[in-house]
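Chain IDs A, B, C and D follow the sequence of writing; residue 1 opens each chain.
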Amino acid sequence: MDTKVINVQADFPILNQQVNDERLVYLDNAATAQKPLVVTESLDKFYHTDNANVHRGVHTLAERATAAYEAARSKVKNFINANEAAEVIFTKGTTDGLNMLASTYGEQNIHEGDEIVISIMEHHSNLIPWQQLAIRKHATLKYIGLTAEGELDLVDAAAKITNRTKIVSIAHASNVMGTINPIKELANLAHEVGAIIIVDGAQAIPHIAVDVQKLDVDFYAFSGHKMMGPTGIGVLYGKHELLDQMNPYQFGGEMIDFVYQQKSTWTQLPWKFEAGTQNIAGAIGLGTAVDYLTDIGMESVAQHEQQIVDYLLPKLVADDAIEVYGPKNPQKHSGVIAFNLKGIHPHDLATALDMEGVAVRAGHHCAQPLMEYLGVVATARASFYLYNTKEDVDSFLNALTETKEFFNHGTSKAK
Amino acid sequence: MGLAKLNNLYREVILDHSDHPHHKGQLAVDDVSNEITLKNPTCGDVINLEIKLSTDDIIENIGFTGDGCTISQSSASMMTDAVLGKSKDDALKMAKTFSDMVMGKQHAQADLDELDDAAILSSIVSFPARIKCATLAWWALQRALLNQNESGKDNVKSS
Amino acid sequence: MDTKVINVQADFPILNQQVNDERLVYLDNAATAQKPLVVTESLDKFYHTDNANVHRGVHTLAERATAAYEAARSKVKNFINANEAAEVIFTKGTTDGLNMLASTYGEQNIHEGDEIVISIMEHHSNLIPWQQLAIRKHATLKYIGLTAEGELDLVDAAAKITNRTKIVSIAHASNVMGTINPIKELANLAHEVGAIIIVDGAQAIPHIAVDVQKLDVDFYAFSGHKMMGPTGIGVLYGKHELLDQMNPYQFGGEMIDFVYQQKSTWTQLPWKFEAGTQNIAGAIGLGTAVDYLTDIGMESVAQHEQQIVDYLLPKLVADDAIEVYGPKNPQKHSGVIAFNLKGIHPHDLATALDMEGVAVRAGHHCAQPLMEYLGVVATARASFYLYNTKEDVDSFLNALTETKEFFNHGTSKAK
Amino acid sequence: MGLAKLNNLYREVILDHSDHPHHKGQLAVDDVSNEITLKNPTCGDVINLEIKLSTDDIIENIGFTGDGCTISQSSASMMTDAVLGKSKDDALKMAKTFSDMVMGKQHAQADLDELDDAAILSSIVSFPARIKCATLAWWALQRALLNQNESGKDNVKSS
């Protein structure tokens, strides 16, 4: 595997520890990513040299803090190739961004009889806001299904997206299936019928290069914490003219122009959508994470993860005791792998792996409708990032084998 | 190797209960006096619990359905064994004892003995992420006996 | 002044720097507070030993992260003496908490003809959400005025709060006037007519002991960053039975119980109001700030700031060239002092003070209706915290004198 | 002492303009062809600018009202001096020169000379927090000449 990428382990102090007396193998990256030292160092530096509120003061610290905060916005703008920095709104995370959209664009543009189209593989954060909007507005929420291979069904998408469709909102990458969805094609389908396309990029932006202009998406939401940034910061990208037409989501300091006792007017983008004190340090830390990823190169990151999947997925698929959900072809699979060990509840499996130092998720992964669609109650999930190594994969495979043996023979042997 | 510690949790009796759960199934519709469906929001485990309380508040029959991990299934099985034939008040006391036990609080040995097989789940203290799996059944018992709905509010004033 | 409190300066590395070749004197604490080392250390420790997503995984890091996050909630519960931890909702900040209330409790309970009562000294964050709610609902927004001394007028409050009043929302402490409002009396007035009382605690909780049960408030919102915590974290306290009746504000991961394609049910408090990944490290850092303040003791903090005001305010009031807004009696005045140097625009004043190393705010302080009420366009504002010293006050007074001289004679002398 | 640096910003000519601003006041109602009210959201400074454009797009008259700091008032005064009698296109070019200048970008000396007294505000580069104060008047000029409303959208399609 690409040594340049593998060499980053030293940047992540958290990985250098034992868990339950075993070397920590962190495979829960789809839940949240670990942070390189440079990110926490940039937080410390901000707090201990420049900390002040932004856009508010004329003193030196306020000016430095403002410059650092807006520089972070520019870094994000370049990272996703937005047209202008004003199209980059800082949020609390993906969930915040998507709720903001449902409460502003959705509230203003969805009317009785309109249709909102999502997919059956959506995370609850890109599902419930639209479901509840549809209920409030007496609109219809439609789900695009999957192909037999576990990919988004484009034929079904073309059928579900109709002249009544106003919003199409789709995950760029699934947090369960390991699929990367054809956003550009979906954007075309949406735009052909005059609908907008919103993309939940939470699981894509940490792992692949994203160009919002090339994808031609109207909105793109993501979280900082999944791309090595701090918690509590995220981004909502939106096309300028759409953001401009939207009402503010929250009201308060810094988003206003004039405030009178009985009415108010709003300031320009992006600040119109950033009411109150934002997560200033969080934005700056996200900017550092963006620098870190850019430095390594998103192509290298993607390539490294592909190598892991190429190595691991066929082994899992070949194992009769293991059921893998999502595409079986490694080329169609991101570094998120949902699976079950037959006869062993994923919760028990996760506890066993944890005893071996291997951290995986078990549960419904905030995707209950997908679980129902797949006909499972829950799955285990291993998810990889650029600091994971071949050694990590081998530890994981060993732990799986031992867990199988334990539940088949372990305690019964002790009889 | 790391899995040795697992033996502390997955004891034979626990695996037996989860492989062959007791009182798994629904009661006759007319027999059900108290009922609840509860969920472990972390993992999606669900338990449906049905109870037949006699006129003098004795648990005359009990049954559960639902899916879940080894711990939640065996805990439900052991719970139903332990409370069948007990009075409502005693059963509530046992639920309290159980939830204290898994949180690591001290209890009189006599109280723990009351719990029967279920007392073996005290080992869950070393697996904090799994405490919820163990308590789900007992929590359901408590809610069902007190006629509360899922969020702990009285069923009557469901607004 | 209390030496125990004064001795904390070493805990704040940021204070140990020169700005424009002068010792930094940070008097912009009402905008945001500086952070003690222990707070950033707790962020670093979390990120580099325990970082994981909470309430989601069964592995060791997830368990540690969840325990740390919920421990932070308990610390806040104790700090404000809430009845239970479930009444403590983590938010992005005061603005987020107040908007959440307007969009949930307000949206559900305000109808045409109802009245919402706030005061003329409110920060935009506790003003525009209610103004916009009133506009949406055809309700009436009423303002409690001030006494001649610049305090909230309780007689006017009693007149404005009527049987039609549903919500009273008031700042505990003003971010301009330096007044601390009689919350307990206002709570009584509100409860007598069956209204609820919401308190914007942003400027109070960093400086005085707050007991939400003694104050008998229904909701209390505040920001972490103003009380030495990280940016991007805040708290909304609410009485259990009120929170329980409220619809969720945002939808997504972790706030659900069951999710079906066309409907969903919600989980219990406090998680019902915490959709998506929260600012986990931020909450933990806030918990550390709470520990830090508790350790010093809020009584000591309040006493230290009172000593500063006792020393400074009479000097400003006695100066004919200076206009002080708000109460002139130091005993009625918090460590937030709004003022103007006659004939000098506050913006020019702030630049001059900055050249002397003294950081103050100048502007409308997100309180335009108050500015209009006071008949000024803008004011300067000096605001103090526990790390400010008598030396800081003297530097500030010297800088004021020199600024006066500069604008009266400085450049003209050079003629 | 720290205030010495202030002399770089508060030069005599700047203080003169702010003490005795030129073209402060409103035009006769019928004379106003272009108008705007702009605000510096940070501090609350407001400027109202009125312009009389001749039929061949020459700035025949100009006046401003509003409150603000020394910098914003003197900048408005110097701006009105500089653009009076200029064509719309020249005035727009000057606005661009000014905003480049205060951001520290290089410009031909001839362009800067065009700005007249206003060129003295290049010193604002060392006071980044005050750049907005200096540009408010020039920004208002640009918007008013282009018939845009406050947020930079064309006045016509005000939705």
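Just so it is clear, contacts are C-beta pairs under 8 Å (C-beta built on N, C-alpha and C of every residue); 3 or more make two chains touch, one makes a residue touch a chain.
These are the chains along with the protein names UniProt gives them: A, C = Cysteine desulfurase; B, D = NifU-like protein.
For clarity, every value in this text was computed on a predicted model and none was experimentally measured.
Chemist: Pull chain A out of the set; how do the leftover chains group by touch?
Modeler: Components, chain A removed in thought: just one piece.
Chemist: Between A-D and C-D, which chain pair is linked by the larger number of C-beta contacts?
Modeler: The comparison resolves to C-D.
Chemist: Between chain A and chain D, what's the gap in Å when you average each chain's C-alpha atoms?
Modeler: Spacing between the chain centres: roughly 45 Å.
Chemist: Any idea how many Å lie between the Cα centroids of chain B and chain D?
Modeler: Averaging C-alpha atoms per chain gives centres 75 Å apart.
Chemist: What whole-Å value do you get for the distance between chain C and chain D if each is reduced to the mean of its CA atoms?
Modeler: The computed centroid separation for chain C versus chain D comes out at 36 Å.
Chemist: From the C-alpha centre of chain A to that of chain C, how far is it in Å?
Modeler: Measuring from centre to centre gives 32 Å for this pair.
Chemist: Enumerate the residues of chain B that touch no fewer than two other chains.
Modeler: In chain B, residues 42-43, 129-130 touch at least two other chains, as defined above.
Chemist: Pull out every residue in chain C that's touching 2 or more other chains.
Modeler: Residue numbers touching two or more other chains: 20, 56-60, 62, 254, 256, 258, 347, 351, 354, 362-363, 368.
Chemist: Any idea which chain C residues touch chain A in the complex?
Modeler: Listed in rising order, the residues of chain C that touch chain A are 13-14, 17, 19-20, 24, 26, 28, 31-32, 34-35, 37, 39-40, 43-44, 47-53, 56-62, 92-96, 98-99, 102-103, 123-125, 127-129, 131-132, 135, 141, 143, 223, 225, 230-233, 249-254, 256, 258-264, 275-282, 347, 350-351, 353-354, 358-363, 366, 368-369, 372.
Chemist: Looking at the complex, which residues from chain B come into contact with chain A?
Modeler: Per the touch definition, chain B meets chain A at residues 1-3, 5-7, 9-12, 15, 42-46, 67-72, 127, 129-130, 133.
Chemist: Which positions of chain D touch chain A when the two form their complex?
Modeler: Touching chain A from chain D are residues 39, 41-43, 128-130, 150-153, 159.
Chemist: Which of the residues in chain C end up touching chain B in this complex?
Modeler: Going through chain C, the ones touching chain B are 55-60, 62-63, 67, 244-245, 254, 256-258, 267-268, 271.
Chemist: Quick check: in the complex, which residue numbers of chain C touch chain D?
Modeler: Contact set of chain C toward chain D: 20-22, 345-348, 351-352, 354-357, 362-364, 368, 371, 377-378, 399, 402-403, 406-407, 410-412, 414-415.
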